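Next come two complexes built around subunit A: one with subunit B, the other with subunit C.
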Partner chain A sequence: MTDLMTSFRRFDSSRHGTWVVAGVMVVLLFILPVLDDPLLLLQVRYYISMIILALSMAFIWGFGGIMCFGQSMFFGLGGYAYAIAVGNFGESTAPFFLAMIVPALFAAFLGYFMFFGRLNDVYVAVITLAVTLALYYFINSTSGDEYTIGKARLMGFNGISSIRKFNWPGDSTALLSANHLFYFAMGLLIATYVGLKLLLGSTFGRVVVAVKENELRAELLGYDVRLYKLAVFVIGAAIAGLAGCLSINYKNFISPNAFHLSLAAQIIMWVLVGGVGTLLGPIIGCVVLLYVSFILGTGASGGGLNTYLIFGLIVMIFVLVIPQGIVPTLRDWREQGGRYRRMTAGAVLSMAEQLPASSRAPVRAFGERMLGLAPPSGHSGNKG
Partner chain B sequence: MAENDVILETRGLTMRFGGVVAVNNVDFSMKEGELRCLIGPNGAGKSTFFKCLTRQYKPSAGQVFFRGADITSDITFQIARRGIGIKTQVPSVFDGLSVHENIWLSARRHHKTRAANKITDQIIERVGLGHATKQLVGRLAHGERQWVELGIVLTGEPKLILLDEPTAGMTGDEVGRTTELIREINRQAALIVVEHDMQFIKAIAQKVTVFHHGQILVEDTMINILSNQQVRDVYLGKHAV
Partner chain C sequence: MDLIGIQIIQVLSGIATLALMGAGLAVIFGMMRVINFAHGEFMMLGGYVVIVCTEQFGINLWIAMLIIAPIFVGLVGLVFERILIRFLYGRMIDTLIATWGLSLFLIGVVTWIFGNVTRGVQTPLGAYSFGDYSEKVYTLVMIAFTVVIYLAIFIVLRRTKLGLIARGTMQNPNQASCLGVSPPRVYMVTFAVGAALTGLAGAILAPLNTVIPTIGVSYVAQAFITVITGGAAAFTGTVLASGVFGTVRQVISFEWTPILGQVFLLITAVILLRIFPTGITGRFFRRST
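After this line comes the complex of A and B, so read on.
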């Protein structure tokens, strides 16, 4: 019975999963530069910035229960904060941090009214959507010369181009090489992923999940749920801002499209397809959907297919067929598989008891192997 | 102040929903360490009264005092921190989390992680859920979920505990255990219990308050209440009062 328990626990361990995912990222960190394919590295850096954006949404929606329909606003704010700051300072260290600080402050301001005003989920979704659209139209209309912050012009719908990339801290002339930019981005992805995992395992993270599970009970226990929701929202905004800043370092360019509805909707799709309530799911959802849109966009599919149409279909299929998303569904299958395997093994073991003593040992050994147990020494070993 | 040993007092507490007055000008008072039963027909305003005390509803009028302090303007989590715990009518638990996590979240509110772990194990033992520590609360039977909620409330070591129908959905044995547990809890905290099960009330009651139409109808010992004609009329639906 205890053996059954241990094998069950092995199937249930989500903690091992964390290290596997982080391990894969570390392996990629070392292997990809060795391949000596600059185009691949560039491509991967784009994916990394989007994955970090997906993680920010996975955190606030899947664990904090905050349905933010405008997560792209923090992505855009982070990007613009970096672009404007680096244009002024001519150095990237402070802008890098501002790319997280500015969205976080904006989230604190917006979140204060939403969460301390006790707005429910639907209103939070609508307000965040409205705010990101407001920012989109505002930035779009700033092409005039009068819209400058310090030395940097906002440029309106034209977008800001040839933005300086990262340099080594303190030395504005030493720009990071392509490889270093990759190391930096990948390192930040690993830090974000592991950091979120650690946060979720901490007391703070456990309370956050409790608030999502049952806000009333959390409050009746004496937790100030408004503060926890605000904190989650702000952390999510900072991470999205980081993604925005990394994305600029990939394409040297930012336009109001960063605030656009299509990006806001895509972020939600990544989480939905990958699985709400997991971190790995949205990573997978993000990579898969980006790749799909890449294929559709380059016309490798034969062309003529509308990306948004396909995305709409994908989301509909997921909502109808696998509403939980990829990762939770796979997890269920694995548990189910484990259950069937254990049931079959149990049948084999009880069958072994019925057999004549001479042929009992190998059948029993087979059953035990199915259960995933090492054959007990002195048992089948003696006879075989 | 002579009222030093009064743990809870309401003055003119009123809760209106549009034209409906669910709680009507209630002056309620109870002492430290008291075990008070609250009965009354459906719709008498008992649960609404509880919700006003814990600020799940903002009272339309009146004041609430807890240990001499005016808590009328406190919000829910502040009231909880003052030491009022509540078991709601429909169990309010973390359905998606394990039994252990449910209790732990309550323990961690007041203690450091290591102490919280220890207290969690003790409470789970005390409410008899040792066999289900790792199970999701949402998958437990209704009676067991009631136990989880009791455990959550107990863990907070409140000075005053409000129990809204604690034996709903429990078997006879479980009701017996709840009765024992409530007596045990009463040694450390004052309690207000809302219940429809008269056998259960008889078993635990000291003083009973009868609610009717949002007002206090009578307040007396259980024996007197049972023989009170007014109370009988109210329960049997005669047009009294």
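After this line comes the complex of A and C, so read on.
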């Protein structure tokens, strides 16, 4: 309980950003349905599922330091788990939870081999990439009748279509309306964001970040690094599974493309562009880049402006020029502005001492006002 | 008897394919510790060089494959080492992401030029019959090429001054620099050589596979898995790992389906890395190249 309190205090003191982001989400939650634009709501639901996916990657990479090159496999597993379960049960409550449990179990299994084998970051990246590819090939090859789980066929490269949407818990005939689906998705997004923030503020979250910063030091302090990494990986997988299940409720369809590397690649790009080590950054990166790829269309569109080309350039430029990503860079600028202001204010104050007594007061007041504007010095709060 | 014979040849060709894929990566990743996620795209470029040279310019297949492809891809590698990779030495994850951006970029460029269509190179030399079965002669040629390439790598690295300089610089750049070697230049050349080997592999494999801008994805994971499982002694390790994985994949593919073969290759890799986290040569054959 005290842990929750500290966690909340840290959440509160982590600049005002967290409150603003959560506030904006709550405002959207109430405003968007009022606009009475079903198409907009549908679009927003798609973006929400992708943002949740971005948050899962932001968490495991930015805070857990795990470079997972196949976050899309958990997205796909969540989607397939939901699709198969709902096809069998004819009811969506249990499948909704299975969509998180199945990827989490798979992550626990895979993570055991990777983290307890103490493989380094690069090997983890390659293995997750390879496993994602294997799943993609495997699901693609399951079009035959023999690949049936219960009543649901896997359908291979054709994908599973006309999947049931969410219904009210316990009543399989009462499907959620479009507005309710939106409320549910947006509510889950807010819960994910705030939940991750609280988790990061807790002792567990602090240890996770400590492990990322310096694995050896965390280990010497007595923490089981392997276990913490595994836990982060599993939580990230569950969140990605949730995103997969929500995305199905957007399009009623899932195909092996959910496992495709182009999705895995996009997730990394969202986090990279937005800012590794923040939660807000990947949200922004996700929305902006989804919009960019929407404009560019998919594949070769003539004129050479294909998504691969543009995204490749974006990635290379960001790694070379802005490796931190947008949000941390902007924050650095702001803090640097504060530092310069403090330096100038110090200069003004010392100048005031040199002046004759008559004209000292206004200059000193000016210097003090400048100091007052600057954020408190020695501030090193956690990243927002 | 015929069946066993043909299976042995298929296993050998599976091993050779993996070893070929891994050769360039063993230089770039195994020796230089540069994560090159554009490895598959370098191979793809090699394949396209063969197609363009033979179809557009009517150049002899063997010249295109064995001379033009490695030179072209080596130059591409050289250019990107200068404008991208050299700023990122020592920053592994950044290199990984940057080269992956490079891979997207190269896919984009090739799609732009050639379109997103599957191309093929006709397999030369026809087929021979082996008892009741027939097999492409080119498969044997490919195996022979692989053996020659690896022999050449071993000789260059172990028996020439160039190889000594390369190995020394990779081990200790400061010491090498004290002895009058310029590490940046050695890195540049080594990267280009790695890229050239990769292009050569892509060109040699082109007649056996189709060529499409996004083919790289299917190469890169296997190549990395092979080199990583190989471990510290890059080339010996890659050969050993190819031996294990090639056998597993071909046997499973023969018994069940090629898809399951791929899946089992990966499962074997994950288990092997759990047992030998530093790769096979992290445990055995530590003193080899």
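Just so we're on the same page, the second predicted complex is superposed on the first by the 317 of 384 C-alpha atoms of A that agree within 3 Å, B and C clash if a C-alpha of one lies under 4 Å from a C-alpha of the other, contacts with A are read in each partner's own complex, and residues count from 1 in each chain.
Convention: a contact is a pair of C-beta atoms (placed from the backbone, for glycine too) under 8 Å apart; a residue touches a chain by one contact, two chains touch by 3 or more.
All figures in this text were calculated on a predicted structure; none of them were measured in a lab.
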Requested in this report: In the overlay, answer first, second, both or neither for which of subunit B and subunit C A:127 touches.
Outcome: second
Query raised in the report: Looking at subunit A, which partner touches more of its residues: subunit C or subunit B?
Result: C
Query - First (subunit B), second (subunit C), both or neither touched by A:214 - result: first
Query raised in the report: Where does A:314 make contact in the superposed view: on subunit B (first), on subunit C (second), on both, or on neither?
Result: second
Report task. Would you check which partner chain A:203 touches, where first means subunit B only, second means subunit C only, and both and neither mean what they say? Result -> first
Requested in this report: Scan A:225 for contacts with subunit B and subunit C and give back first, second, both or neither.
Outcome: first
Query raised in the report: Can A:138 be said to touch subunit B (first), subunit C (second), both, or neither?
Result: second
Query raised in the report: For subunit A, which residues belong to both interfaces, subunit B and subunit C?
Result: none
Query raised in the report: In their shared complex, at which residues does subunit C touch subunit A?
Result: 35, 84, 87-88, 92-94, 96-98, 100-109, 111-112, 115-116, 217-218, 220-222, 224-225, 228, 257, 259, 262-263, 266, 269-271, 273-274, 277
Requested in this report: Give every residue of subunit A touching subunit B within the complex, in rising order.
Outcome: 203, 206-207, 209-210, 213-214, 216-225
Query raised in the report: Mind pulling up the subunit A residues that touch subunit C in the complex?
Result: 67, 110, 113-114, 116-119, 121-123, 125-127, 129-131, 133-134, 137-138, 140-141, 261, 265, 268, 272, 299-300, 304, 306-316, 318-320, 323
Query raised in the report: Which of the residues in subunit B end up touching subunit A in this complex?
Result: 54, 56, 76-77, 80-81, 85-86, 88, 92-97, 101, 104-106, 108-109, 113, 152, 156
